[in-house]
């Protein structure tokens, strides 16, 4: 029984990058109670070492083969291993880099929480799962990572498990993720049936020979997985609810890394997607729809974290649309930049929430720029980056996607992209003005601001009082560090095709090529100007509604008016949740109830009970025959004898 | 015309064939004498001891006759392998019944009872070798008459009633049997079974005669239409007598049936004659087990179970195949051990007055006497035909012989019967192991006698060994000179 | 001319079935015992007739055997009947129904 | 030595009755020693030659032929001895000595089923393993009524008798029943009609024992009423006897008939798959949830076997062992919960996670393995089976089989969260967390779950001819489907 891993051929660096976070998770879980706070330092250390190793191997991953580590083989065609090529290295760097910063930030954020050790064990486990997902060299390994990441997000969303809302949100997230898993499983079966192996190299080598419907089927399967994980419509409902988890979790998982797994999946299977234009079309359209829906929902939220969650949904819509139209470099670039500025926005929001004693509703904030200048600066840079303000990272990646959509012959998507950029600008600045300008509304009674009373038992204070505060630098340092890439991350793509970004990926994605129709004859700078016009329009509208002096003074009644007049469609997020509940959840429970209450006891058991009853009756009947009277017995015997004699008489004469 | 000399045509070899039967009969006399001589206290022990010694001696003597079969008294009594095997079974049953009787019954009657039991055993041994009508009739009547008295010999209320019922019904059946013999004799002109093989003078007479003969036999085997007497008599009679009766009457009658079916019937026509017997056997399997479902008294339950078990054994004879007979004999042996084992456990549970045959006396036995409960479970497993017991192997053999002889419908009915019987037997297992629902009747086991325990142990070991190593007697084809 | 064998057999059959009906219908145990004797003797008659027909004496020996057995059975039968109905005022088989079910 | 795996536990079980009733601890540790001893012995016998002893020669040749080999028998015996050892460590039952004796007899009988290489011996142990469960159902079931015991007995024994009749018939027709593990080509071919009836007899018994959809109603009640230690090994192993039978007897000896009944079995498997999953969604009693979930999981294994694809059958063996591991783990954890809170109804449980993290940790891992979390053993089995099914051409069946995977996630989380998460109920008494012993009892199962999840390779080993039969018939199935 050789269960030992095939260590020899593996490169030790790749294995240690992969296993360090797992070791961290196990160590922290077992030694949890003793460690308490320094569990945070330990956890961050493990992730940052992994990050350093990944950086060290930057060169090695660049060349074609990259690092390889075959692990274990289940059977014919089921060989598992790790690989580090350009795409997975980028993701690894972001996961361990941004992850490490968020670990440090979490030390401060969770300073007073009793279960801080368990939190860091889960965070390390999450990093390990995400690394499994991106480092796998085969599709089943990818699915293993996919499932483990879903599990880690389940643990972290439901971290404060005594909150029923958190528990429900965690379960919803996990079940929708499993729904995505079965999509990928279907793709695995199709690939294995066609190629006899699960390794990416074999699949892509034989990709040419696949029939058109088969490629489409595989792509649909994969995309279902991507939709669930990257919260695309209609499987997006879990993302806003996932904000029940602690803010660092939202930053790391539901902003920077996990939700972008769908983008990674499509990028990884680029050779397959290029073969099927209809699949690409489908991906692009769904991406666009999610982009627009996310933006519209973003306008209607009052919880600061839900605004950012909806904006994440919208930005991922951008990335999916980007890879959907074939602009892989642009899509991945937007993932790269988005990881930084969205993490920064979330951590900024975390600072606000931490400072205001866990208050998350923007209507209770206001006028914070005077008291928290550093946070204001961080949030401002983040906002400028996300709306695509020139010379900020978002500008380069977002405009690239919008233009590539046009260049690849999708005029409708081009306009959708541009419009969403405008709406993004509007709701981001709406958040800025409401939170940082005007006067502080913390002490205004909820009723005045039309805030619904919290659900009973929904939220129990978790930390036992502010015994002592974490050093503020511990939380602000990561945000400061993140500000740098938020600004300069876009500069990597200056220089078009020959820029370091495009050279880095080389021919990994093959050539997207023009997909449909003849491109409109407008140059790139024209589309950029058009987008900027829409963005400034968005900012102006936001300023008029929330920013100008009269609005700031009458903020309380304005906000109350807006909250009351909020259209129900938006308030219930297009009723998607209700739709899923009535269409799937309720009938399943009803059917299950019918089965266990009616079919089993009455239909099936009844049969057996009747047979047993009949046997019992017969038994009683024979008992009744025994009357005890001698003459009755004699009669029975004589009757029996008569039958015998009759038979033998017939027999005798017949012979 | 010379004066008729008194020439006894029989040589010493003829008498040698009957020696085992004589030894048993004489032992009965010795028991009566021993009962007279020994002091009151020692009387029961002495009687049982003498009885068992006599039986064992007879058993050993019978075994010596194994290799060389002889037809004594001009074919009246054929002492071959077939007869010896049945005689051994009868002796074993008698020994175990004596072991059981040690714990029961009134002091003063033990001498007479044991003597009667030995005489009925010798009657059964006579039937085992009977090869002509007279010996058969003599054997059956000797067996039955002794049993009528035995049934009555107990102060229990039902005893005398069961004796009366048994007498009236059994005599009626003997009447049918005798009338059948008369017709057979009339049709063939001879009383020897061997004479029936050649075509009879008038086939009508022969068939009706054979029919009535079989009625008598089926009554004794308590097969279904003729089984009505069995439950009442088994319940009424004292426990050791019931145990003895449940095996010995069936063993002897089975020997007669086998000899009649295998050797005495003209082959082509024989099958048609025996067909009603196979049908009756099938009926017994089903009715026996179903009726057992509703029983609460253990002796009645074992009565119905005996009916069903005999159904299995006769089913094995179906088609009168050679291996069918051998497996029937093996299953009879297994039946003897498991049945007597079960009766021995009931004997251990009974106190002087009321016998422990009520189901309630088994409540919670699993905790009070785990070993006894284990033994009882083992016997019930065997009766139900579940592994690893002799019953299981026996049932497999019978299934195989029935299927091979072409009676697949009989095999299927056998499985159905077994399925029903499991519920009946496992009611007792449930009673033993169920959490003490009703108040457990403190039924102390009679400490004094170690003999019933020996009987339980012997039966259990036999059932286990036979289960794994079925010793099937080989050359037992019944010889009819 | 000698009486034809058929007559003997038919007579014995008639007697036999009278005995059987007697056992089934009568409530008095003594009558029942007598009916059983009838059945036995009917068989004896048949055996003797057949023995005469076939000319060998095996039947006669058989008859002696049957007679002795019938006598023994009658004796035991009466003894048991006395035991059962010792204290009963009148003798009735239907009273004897303690064991049932 | 292999025979010792059967004889020693049974004899020890019976001998335990001699141990005084008060010495419960002694009895427990003897039993644990025997179970783990058997585990070690089984490992040492990996691939060891068979052992045979002459038994019957009259109507047909039958021997006491036992063997482990490298195939499913070996792995299931390992699973059995391991789970029994673990279950015994945490036995806290009234009248423990008698209970432990029944457990040992059950261990011996079940081992016998899986190492028997003779059909008659297989039938013998098949019936024998029902007795201890019946006695336990009668003696230790919480509800006073014995309805469950009778339902269990009637269902299983009718199956057992059908098996008996089929074995006898096979013995007569073939001349010998010493056929399990023998290359079918070397056996005389039996006529179709006989083969059909014999295989139906076997199939009927195996379908009841699995259980398959219409014949399953005995299972939830039995699992709910049995005490936790016994239900752990019954659900883990006894329910696999039917599937093992199909693989080792059905595929090897009656490939033709198996093809004939494949469509019916497929439909029943699919129904069981979906039916079990849906029913598990709404049960209030945790044990019933796990019972219906195993109905669903075993339906998937039925599909795998009747797809005749070598990968799927290899996957089936993996999933048999996997299901054994996590259902044993689940039932033991539920047993721990029931010991602590005297209830296992989800409506009354909740919020235990805060006070007992170790118990929560244990339940997490087994629950996740049960819902097929990638990386654990449940997923390994599922992936192999479904890949094999798809490759054998059953496309839409695979899609239908994927739906219960999602439902599994829903009901397993419902159980886990119902017990561990949510606000703490004040009416539930305060109980201490898992003791070291209870932790040690769960540890081997958890380790096995993770190890099997990482590398199920060796477990998919099938005897050469089963694989060849499967492969041969897989092509024919594909041919049929292509037409």
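Annotations for the structure displayed:
Order of writing sets the chain letters: A, B, C and D. Residues in each chain are counted from 1.
In this section, a contact is a pair of C-beta atoms (placed from the backbone, for glycine too) under 8 Å apart; a residue touches a chain by one contact, two chains touch by 3 or more.
All values derive from a computational prediction rather than experimental measurement.
The greatest centre-to-centre gap from chain D, using C-alpha centroids, is found for C. Of the two chain pairs examined here, A-C and A-D, it is A-D that is joined by more C-beta pairs in contact.
One finds 99 Å separating the Cα centroids of chain A and chain C.
Distance between chain centres (mean CA atoms), chain C to chain D: 66 Å.
Note on chain placement: the centre of chain A and the centre of chain D lie 36 Å apart, centres being C-alpha means. Chain A and chain B, compared by their mean Cα positions, are separated by 79 Å.
Listed for chain C are residues 20, 23, 32, 96, 98-101, each touching two or more other chains. In chain D, the residues that touch at least two other chains are 150, 154.
Shown for chain B are the residues in touch with two or more other chains, namely 164-165, 168, 172, 176, 231-232, 423.
Pairs of chains meeting the touch criterion are A-B, A-C, A-D, B-C, B-D. Against chain A, in their complex, chain B makes its touches with residues 164-165, 168-169, 172-173, 176, 203-208, 210-212, 214-215, 219, 225-226, 228-229, 231-232, 269, 272-273, 276, 287, 290-295, 420, 423.
Residues 615-616, 618-620, 622-623, 625-626, 628, 630, 632-634, 636-641, 643-645, 647-649, 651-653, 655 of chain A touch chain B in their complex. Within the complex, the chain A residues that touch chain C are 623, 626-631, 634-635, 638. Of all residues in chain C, only 20, 23-27, 32, 93-94, 96-101 touch chain A in the complex they form. Put simply, chain D touches chain A in their complex at residues 46, 150-151, 154-155, 214, 216-217, 220, 275, 278-283, 288, 292, 311, 314, 351, 353-354, 357, 368, 371, 373-375, 379-380, 383-384, 386-387, 389-391, 398-399, 402-403, 405-407, 409-410, 413-414, 417, 420-424, 451, 454-458, 460.
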